[in-house]
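Below: a set of structures, written as structure tokens.
Presented sequentially are two complexes of chain A, the first with chain B as partner and the second with chain C.
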Partner chain A sequence: MSSTAAPGSVGRPRGRRLPSIFKRQGWQAFLFIGPALLLLLVLIVYPMIRTIIYSFGNTNSRLEITRWIGFDNYTRMFTRDKSFLNLDVFPPSGALVNNVKWMILYTTVSLLLGLLIAVLAARVRYEALMKSIVFVPMAIAATAVAIIWKFVYEPDPNLGSLNGFITTLGSDPIAWYGRADTVNYALIFAYIWASTGFAMVVLSAALKGISEEVIEAARTDGAGEWDIFRRIQLPLLSLPIAVVTVWLLINVIKVFDLIYVMTGGGPGAASEVIAVTMVDEFGNGEGGYAAAIAVVMMLLIIPIMAFNVRRFRSERVTG
Partner chain B sequence: MAEVAFSDVAKIFADGTRAVSDLTLEGHDGEFMVLVGPSGCGKTTALRMVAGLEEISEGEIRIGDRVVNGVAPRDRDIAMVFQSYALYPHLSVYDNIAFSLRLRKEDKAEIDKRVRDAAKILDLEPLLQRKPRALSGGQRQRVAMGRAIVRQPAAFLMDEPLSNLDAKLRVQMRAEISKLQRDIGVTTIYVTHDQVEAMTMGDRVAVMRKGQLQQVAPPQELYDHPLNIFVGGFIGSPAMNLVEATLERSNGGLIVKLGSRALALDDENVSARPALRSFEGRNVVVGIRPEHLEDPSVARDTPDDRRLTGHVELREALGSELMVHLRIDAKPALTEEVHELAQDAGTTAEQMLGGSQHAVVVGRFSADSSVVEGKDTEVAVDTRSLHFFDPETGLAIYDSNR
Partner chain C sequence: MATAQAAVQPRTATPSARLVKFISRAPVHLGLLLVAVIWLVPTVGLAVTSFRPRGDIQASSWWSSLTDWSFTLHNYSEVLNKANMDKAFVNSILITVPSTLLPLVLAAAAAYAFSWISFPFRDTIFLLIVALMVVPVQMALVPLLTLFRDLGISNWFGGIWLAHTAFGLPLGIFLLRNFFIALPRDLIEAARVDGASNLRIFLKVVLPLSVPALASFGIFQFLWVWNDLLMSFIFIQNGDLLPMTVRINQMQTTYGGEWHLLSAGAFLLMIVPLAVFFALQRYFVQGLLAGSVK
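Here is the complex of A and B:
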């Protein structure tokens, strides 16, 4: 931000300038964007402010504020609520830690798998079929994904296909989502299965946007397939990769439905994540505490959003 | 540096289309060989087969002593310049030019030296840090050239490298590429649909049509001695006028009857084309280059048997000369193209032209000419420079064994 620039000075940094429409014909502009602005205010800004206000109080079961407690909901979250964040044990545990695991594993694996499939699919004849198959899970609701994977992970080898498979190899069946040490990975894998299609479709489209002649030029310049990928395709995919990463990150910070349906955060609190904790606390009548958790979640998402917006803006200026 | 040779090369696409048939052609070491022809004639496919971007269906291609049929593009030691330039959009001009050298793990200082040398030759020095999108069309073209010359390859392959430039720049770059190629002396195969480019740049020009090589010759020979109607009509701008005529004998000499008029042929003309005698009394296609038609008021001493009568339909003043479109009393020649067009339209060529008895020919007249649009005029014909083709085969009539 250019706090040093004089108000109305022409020396604002590029990309920070208000669209000139605001200066030229203020009221007419608002006539056009007014309805949308009103909806945003009512549906987003107002609830957001209310949530922030709630987060500084305690509520009764009818979600009326009974007492103002300042930042106590926040201190509770980071110090006293061991199911949200437990730093006393090693490795640390709790919903927040689980969420970080999700962010790292889910985002990288979905992205890399999506990229790999996009690149490889472009080289085979049955590309369309292959991409459709990978994309299908995207069309399935997360709750349905949960049901599907419940069947896959089912402890009874006669029902659960994964256990059915490993028992034929001679292993004992594993209660994939019933054990604290496997439940998070089992859930993350199911969610990766559901999201790889998205990464693949976006990256595959971007890959198609790279001119065939550029690839051929590289080939005659002496590039092998790996050189083409690393020196040409990957750099040219940097923007779509950033977009997909941001989408996956935001998606994973908010992850809720799959976990809620499959494990409800269990066993114990082993698979709790921020959103599941929030809903649980809300159900316990802890409206203020739930609101504080919601605010923390929002604060996690904001920097990613900001990065995304800036990235787009810089692309527009240089591109 | 090396020669590039096609022997009996064919390209058949998966759908059965024969894009190139029986192509046998050799670009000598250091030669600037131009492949020219209308779109879809297979010239680009031929080039791409040399580059390794297209598989060779039949025959073989040699670069130097090596048959490259199964060799990957990266190992063929060729540099290609694409129509779209195909610059790497995320790399600076410097990095674009250095790309191939870096792939070959050349020494850093050596890369820098060679990139700067190439940039110097191509006037790219001030632009080295720019990205391609910040360059004009001509500059991009130069970067594409830079990327090719920095390699010091066995051969340059250029696929219509000038067709995305505006007319003025094209003329300028044409000269620059020719000069550059001559200085570097690398065997070059240059594909274009523009016969002016072909004529001005090529040491030799290979004319292609529908996947088949029509004629390979130095530009002037191609112009003076086209082997068939297609080459005659394709090379030269404005195009050669092609009209039907009958060859007859009159007063001991051969005459060409064009409608109601007749042109007398010199003995030297006939002796240069002995096969003409066998066409006596038969139809031939006569080809007249526009510059061999002139206003008789300029070419004053043209005798009557070297003249046609024409109706001036259009008079285009180009300043230095006039392009005069004349309707003359003779049938337009039914070339193979006309037959094909008619076939596509489900009719015959004769029907399509409405059995027209009047061909429109273009004459390149002196600017002093006083012809007037809408009036009839006499036209002087340089009969020594007439071309003759067999209407049956489309082949040019020279001596009988040619």
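Here is the complex of A and C:
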């Protein structure tokens, strides 16, 4: 027989007693999960459904639906609201385009920088110190990160570190967050600064999990440092890299605090993103339109979530 | 001297070999030095500024003040008194503590059932809860606000406590269930055979063994709530109850370029997370790794 019972259970008959205990306990499970389940249903699931309903209507300032307008909130978002999506200009602009910019730049740079720092720090004796320095911004509020970086970017070279630095090199000071062509990059870099620590910690832990013996064996066989990284470490990092990428992507679709505090979406609408637009419209009393923006945000997240749940399921089967 | 070294480290025997090794490593050290500068200068700049008199901040750069010390605590007393940051600090605590304890207790109880009690659709319900982990607050914002208004708790902390609890639960249940289910099966079955109730097993066996996981989630949730701007901004309608994040955002729109107040305010906001982080870094990093990798 190919039965693979655990050593402890060998010979113990699968009698009636244990299942009956479990059966009797079924209702008890409800006492344990009931409160959590109730809150999740009332405060997340039910509001999600309500938000979808809201997205097909107009509301008054008390957030009561006054008129059903079908998909008009959605057509407004993609065709008439130029601060959300403007395809008339080249390159296209608007909150949605900015979010795409964020997704590409923020995700790749945070990931690569985190990987680079993890790999470099592993080669020096002050590794723990380095990792702490890069990781600390993860613990502080995005509101504080916004203040820290707004000060770095201050146009007055006597205030802002960055302009102080470039003026000593002979350049004119630049209003980093006051100009439409630099504001997004200034914000994205500040957020990269705040989240690289996450990528670094996860990837560093994964690197530590790769056996030293394998690397030493490759080294004695004459493999260079780059070969070791490229052919041994990188392939084994593919899962943690996927995990970090998912986390960064979800983070960037939700990005709000940093932009709201630092620029409020300005100058004009140059640094608007989906989450900021949503709150602004909500503040304008446009409950239906705000709900429709939230639905679009959710639709962007769902594919990433599906990937996550699938990964989780496959792990459960093997683990 | 060289021979003594050689005995210990035959590979870097001669001084010239060590020099070669150091030079070949120089790019690594230089790269890390650059990283350290980029990661430290922004925070240090604001920290130094927060201790400088208002006039000095306008007159000269913070880095020039490093050679010309004249520091003061006046900015901190001003921001605490004038900008009501003292009240906001207390509000932040009043918001954060219940919003951490409540999801911790509820998530632990639910995670116990998901690990050690079998009931119909257990794994399906668990997966659905895991999926809720990525739902953005925006997706519930409009209906929640009307719900809290109808319940009459939007002028009080009740709404924000409930919202943070609900949005913290999926991660908490996920983290704690993964930890609970890895506890030794024999231990729990032995307790069951001895006639211990589920409540007793949960309180006396599972919880004491799970302190690291509880600490990880607790710290994570604490920092999340303390640092949150969006939910407080939306769900706290009473101006006297606003936490520090919202107050600082208001400050920088009203006091625009008053960097002596903004810098001190930002550091007051950062004190608690930094203290928690440095005291309990290990748990925080563990929680982060468990939440993302497992």
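Observations on the structure shown:
Throughout what follows, the second predicted complex is superposed on the first by the 273 of 319 C-alpha atoms of A that agree within 3 Å, B and C clash if a C-alpha of one lies under 4 Å from a C-alpha of the other, contacts with A are read in each partner's own complex, and residues count from 1 in each chain.
The rule is simple: a contact is a pair of C-beta atoms (placed from the backbone, for glycine too) under 8 Å apart; a residue touches a chain by one contact, two chains touch by 3 or more.
Quick caveat: nothing in here was measured; it's all calculated off a predicted structure.
Look at A:35: by the touch rule set out above, it reaches chain C but stays clear of chain B.
Shared-chain residue A:201: touches chain C; no touch with chain B. Considering which of chain B and chain C touches more of chain A, the answer is C. Contacts of A:71 after superposition: neither chain B nor chain C is touched. No residue of chain A contacts both chain B in one complex and chain C in the other.
Taken together, the chain A residues at the contact with chain B in this complex read 211, 213-214, 216-224, 227, 231-232, 235-236, 319.
The residues of chain A lying in touch with chain C in their complex are 8, 21-22, 25-26, 28-30, 32-33, 35-37, 39-40, 42-48, 50-51, 54, 59, 63-64, 116-117, 120-121, 123-124, 126, 130, 132-144, 147-152, 157-159, 161, 164, 193, 198, 201-202, 205-206, 240, 243-244, 247, 250, 253-254, 256-257, 260-261, 264, 275, 278-279, 282, 287, 290-291, 293-295, 297-298, 301, 304-305, 308-309, 312-313, 315. Chain C contributes residues 25, 28-29, 31-32, 35-36, 38-43, 45-46, 49, 57-63, 106-107, 109-110, 112-114, 117-120, 122, 125, 127, 129-136, 138-147, 162-163, 165-167, 169-170, 173, 186, 192, 198, 202, 223, 226-230, 233-234, 245, 248-249, 252-253, 259, 262-263, 265-267, 269-270, 273-274, 276-277, 281, 284-285, 288-289, 292-294 to its touches with chain A in the complex. By the touch rule above, chain B contacts chain A in their complex via residues 51-53, 72-76, 78-80, 82-84, 86-90, 99-100, 103-104, 133, 147, 151, 157.
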